[in-house]
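Chain nomenclature is as follows: A, B, C and D, assigned in order of appearance, with residue numbering initiated at 1 for each chain independently.
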Amino acid sequence: MDLAFTQEEEAFRAEARVWLEAHVPSVPLPSLETEAGFAAHRAWEAELAADRWSVVDWPTRYGGRGAGLIRWLLFEEEYYAAGAPGRVNQNGVSLLAPTLFDHGTEEQRARVLPSMATGEVIWAQAWSEPEAGSDLASLRARAVRAPGGWHLSGQKTWSSRAAFADRAFGLFRSDPDTPKPHQGLTYVMFDLRAPGVTVRPIGRLDGKPAFAELFLDDVFVPDEDVIGEPGQGWRIAMSTAANERGLTLRSPGRFLASADRLHALWQDRGSPAGAAHRVADALIGARAYQLFTYAAASRFLAGEPLGPQSSLNKVFWSEYDIALHETALDLLGADGELADTDWSERYVFSLAGPIYAGTNEIQRDIIAERLLGLPKGRR
Amino acid sequence: MDLAFTQEEEAFRAEARVWLEAHVPSVPLPSLETEAGFAAHRAWEAELAADRWSVVDWPTRYGGRGAGLIRWLLFEEEYYAAGAPGRVNQNGVSLLAPTLFDHGTEEQRARVLPSMATGEVIWAQAWSEPEAGSDLASLRARAVRAPGGWHLSGQKTWSSRAAFADRAFGLFRSDPDTPKPHQGLTYVMFDLRAPGVTVRPIGRLDGKPAFAELFLDDVFVPDEDVIGEPGQGWRIAMSTAANERGLTLRSPGRFLASADRLHALWQDRGSPAGAAHRVADALIGARAYQLFTYAAASRFLAGEPLGPQSSLNKVFWSEYDIALHETALDLLGADGELADTDWSERYVFSLAGPIYAGTNEIQRDIIAERLLGLPKGRR
Amino acid sequence: MRFLLDAEQRAFADSLHAMLTAADTPSVVRDWSRGDPASGRALWSRIAQTGVFALAVPEEYKGLGVRPVELAVAFVELGRHAVPGPLVETVTAAALLAGTGHAERFLPGLAAGEAMATVAYEGAYALDADVAAHRFSLSPDGLRLAPGAGAVRPCLDPARHLTALLPGGELLTTEPPLPHALTLARLATAAQALGVGLALLDRTVAYVRQRVQFGAPIGSFQAVKHRLADAKIALEFARPLVLGAALTLTPADVAAAKLRACEAAYTTARTALHLHGAIGYTAEYDLSLWLTKARALRTAWGSPDECRADVLGTA
Amino acid sequence: MRFLLDAEQRAFADSLHAMLTAADTPSVVRDWSRGDPASGRALWSRIAQTGVFALAVPEEYKGLGVRPVELAVAFVELGRHAVPGPLVETVTAAALLAGTGHAERFLPGLAAGEAMATVAYEGAYALDADVAAHRFSLSPDGLRLAPGAGAVRPCLDPARHLTALLPGGELLTTEPPLPHALTLARLATAAQALGVGLALLDRTVAYVRQRVQFGAPIGSFQAVKHRLADAKIALEFARPLVLGAALTLTPADVAAAKLRACEAAYTTARTALHLHGAIGYTAEYDLSLWLTKARALRTAWGSPDECRADVLGTA
């Protein structure tokens, strides 16, 4: 058992650091939840991609470096330590891409992934519906068979990034007559600018249009944009959802960097004793999350499935992230009220953590039932 | 709206203070969960009773002063501020006595209450059974009709104080054929030294026999020791249970005194910054509990029923009490491991708070369903 | 000892509640947030007509005499309805000016609701200085009438317009009654926060009763019930601290009330947001008006640590 | 980077676990608590035979070399089985003596399990000095062999016998390797606490699966499930901190591991006690053996605040 990286891994880390030092914008980009910020972040993705830093763990033929999980972790540590911008294509890279790797065709991968890697096409997710939030199996939006494809109709909501994105992916009910609600769903990619699509941006708490409602009226989608077998969407999406709360949604690098920034903020403010335990807990939590992830990655590389362990992960980082940013705002005092700081932007973002990717109640039910073996049933 | 007490009330408070200053033992009594301590605390009850301080709110004919709720609150503040001993007859005074006031006969009150007030008879509670803890309706111990009374059989457990007490009270199933489990129960008082009773003391976490198992084998109880109608025990007990978590189980005086002692301990230890917020929260919590109780008492005296409000009370004080004593043990450092200190005795006692008198889960269900109006049913 | 609101106090709260309900305060808040204060000014006048601001002004200046309990009662309702504007600051300004040579100049207008005031304490931001008629700055050398205000900063609560006041200006007094004014500011903030928390709890209870997921109202799930029960406990134990502090006005009681009311409101906000799910996270849904205010009031007029220091006597 | 126990380390843990399971450690703990250390001494020898104490002793003194990872693995199992005795203190003593002129005199016996040692740090109590063969006291002037011990104090964990050592005694060294020894003491305590927490969780999960109230196993209630899920999260995030600290041995990592493992164990103890209800609160039920230990380990070899100061670099 060891925590040492190979010379090659350290060299990769050093290369990433050098590149980031030279390229990370010295002035933070505008918020990516605004139109101008979205464009600036898209340009940053292109800059990353130009030197093959946007998706280091992907195969080279799609724009990556085939760097593997460990180097990806190291890259993420360097990336956030360098204060580099948020990733506007997170939905595509961490949700759709793994699905395509597992369930897509080679044609789909070749068509979709390179433009995702460069930020030319930004993807939004389109899971939720007004009556289907946590209870995703109760989806109603329809996919109706048409010659050479499908017609999508219905309403999606809380679609992250959809205000400014190009394309989206989600589940649609292709067979309304199945015995169980999670059957008869189909996994579809579609164009947000296709005829029949209406995008209504929704402002999040700070007013920024971080997501949108989508109204779909007979939107044609060709067969080539269906992932996997029609009717198998639930199973396919669940493997994506596991991914979402698993290893690759929130890298330890994000929290290590945030904890260090919090520590620096605390010191800047004169190391107030009343906040010492919260700052220490942030440093410790980031280290715990890093080592937990290293252990999970080691198990994964040794061929063990991760499974419901990822629910531990999801609850931990989502609550950690809020606590860290609450501490920061408290340290900022009156400045904590301001909306135009990095801290407040990240605080607002953190607040959504316990809600999306399966609420923390659902994760705790999974931990209790699947990891601890407690009886199912009543809630 | 005011927080001022009348001249008469202040005079009563002063009288109590003077008496306590003169009588409270300068050396703490041995733990009341030991045989020697039990005897010493019984003697202390007699000393209190001799000057009519043991049950100030009871009518004078039973040994009280008819002082009413407000003076009782003031007495309790003075009592705990003076560092006076724990009350060995708490079960009798705060559980059985209110039941007798509401549901007993005058004959029962005249027979039971005076010896309770003097500590001559110490009462244990006998609610729980091995298969009926939180789910009290599933009681199995039986009361079988006999000429002039009843025969009790079965097993009771977690009977507080029963290791050294004289008598006990509890519910027994007198009719096994009722449609619902909380019907057919009868409320009975019985002698712990009667033929057929076996008392097996049980040590709590620190080994002290704070409760006992009771094995009952055809124990005869005369009709005069049944409270209320046979078969109505559940309804009668629930009014007692409401009392238990209501106004009179944990007086604010206890927590105000504990918070002040914690504050003093913190100062003695050099006011360590790391514990400042926990000490402040203890002071604030005691004040909140005092004012909450004053408000409840004011409502009660204005003729309003307390009802499920007492569930707020129970959750608050039980969690507060643990947090306060955990803070104290942390402040004590290595001395926090010692078992022979007041702090550790009270810490161990506090740990049981969320469990008895209806677990805090049950209280939160009550708050949600009866105070907030959320739907019943699933748990 | 009768620690209960009397019939008159309850009637005052009820009438304020009824008036604010009828006034559609959420749309007033949205106007205010957009920088259109007309509806907010109109609401301010109506609030003043009920006597709220007069409760912080001595009778000799056309007030009702300083009545902290009634003031607390009123601020609970103002918080419950998320009323925008420099409410606490106007009360604080009244307290700072009473007994100074400038009382006659400012207090009658404040009591009548003809003018709003804001106060910046030791270099902090002033709230809603873009709308307030009078902008006071407090510094070690005394109380000044600021000559102007800087640009409004974008805030997490868009209904709170924070601004730095320009330095200098007319020196009104070198010895304002600072402790008393800060006590009233904290008390009013505590009461306002309590009202914010109560509104958040009410709205969330209503939501989880009707929101169905997994075939049942989510309010039937025990995890949901217990979070709301905890919010209820926090609020119900904050309430007597606020009213008790209004009676005693001791620094420790007021600090305790400020801390607990704000913590309870913020905890309830976190619970409300979580139980609403994504819809709670959107600015267009009215819940956001209270959510963002709960966060802002935590630090206004005394941070949690400052309040704890006052309780411990180590401030 | 391969942050996983290897097959040999896992086999070591498994064999220790199997041996301790077969040894009926709960009855050994009860003997020890009653002041009858015979069964505890026998168990100590068997533990030593698996090499546990040799893992803290250099090879030149008949040890296996200092191997912190294996030591942590072993202490998790010792905690899981609530093994009594001065386990951490024996390891700490070995670390204090290695490299001094007295290594040859003490270390082979400690490695072989022939002698138990205890250590009092700066006037604190020594653990199990009534049973230990060697009693060391650490003070600013160095490491001494204490001439004797005072009376055993009654402790909340009856299996921990705390005693003040008598002052004076043979001065062994004026410069013991203090930081290294404290690091090992904290690491071993952290691992032991983690094991205590894991055992508490296992037992509680088993209990709530079979305890029926209100017509259902209480483990089917969401409130119960979520408390146990939180305990699981706390323990699973403490585990990598403990193993990571064993690899790096940096003061910050070791302090973090100590803090989190002890907090997780104590949180789990609170949950275990609550979910067992009254039976968990009784000394005769075996759960108590772990409950009381979880509380004691919180402050042993570094309080939460001391650990946080080491993490912040302000110690």
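Criterion: a residue touches a chain if its C-beta (ideal position, glycine included) is under 8 Å from a C-beta of that chain, and two chains touch if they have at least 3 such contacts.
Please read these numbers as outputs of a predicted model, since none were measured by experiment.
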A-D or A-C, whichever has more C-beta pairs in contact: A-D
CA centroid of chain C to CA centroid of chain D, Å: 51
Where chain A and chain D are represented by their mean Cα positions, the distance between them in whole Å: 40
Mean-CA-position distance for chain D and chain B (Å): 37
Of all residues in chain C, the ones touching two or more other chains: 216, 220-224, 226, 304-305, 308
Chain B residues counted as touching two or more neighbouring chains: 274, 276-277, 361, 364, 378-379
Touch-based graph of the chains, sorted into line, ring, star, complete or other: complete
Of chain A, residues touching chain B in the complex: 273-274, 276-277, 378-379
Chain C-touching residues of chain D, taken from the complex the two chains share: 221-223, 226
List of chain D residues in touch with chain A within their complex: 1-6, 9, 69, 201, 205, 208-209, 216-217, 219-222, 224-226, 228-230, 232-233, 236-241, 243-244, 247-248, 252-253, 256, 259-260, 304-305, 308-309, 311-312, 314
For the chain B and chain D complex, residues of the former touching the latter: 128, 131, 133-135, 138, 157-158, 202-207, 211, 272, 274-275, 322, 329-330, 333-334, 336-340, 344, 347-348, 351-352, 354-356, 359-361, 364, 378-379
Touch list for chain B against partner chain C, complex: 1-5, 9, 70, 263, 271, 276-277, 279-281, 283-285, 287-289, 291-292, 294-295, 297-299, 301-302, 312, 315-316, 361, 363-365, 367-369, 371-379
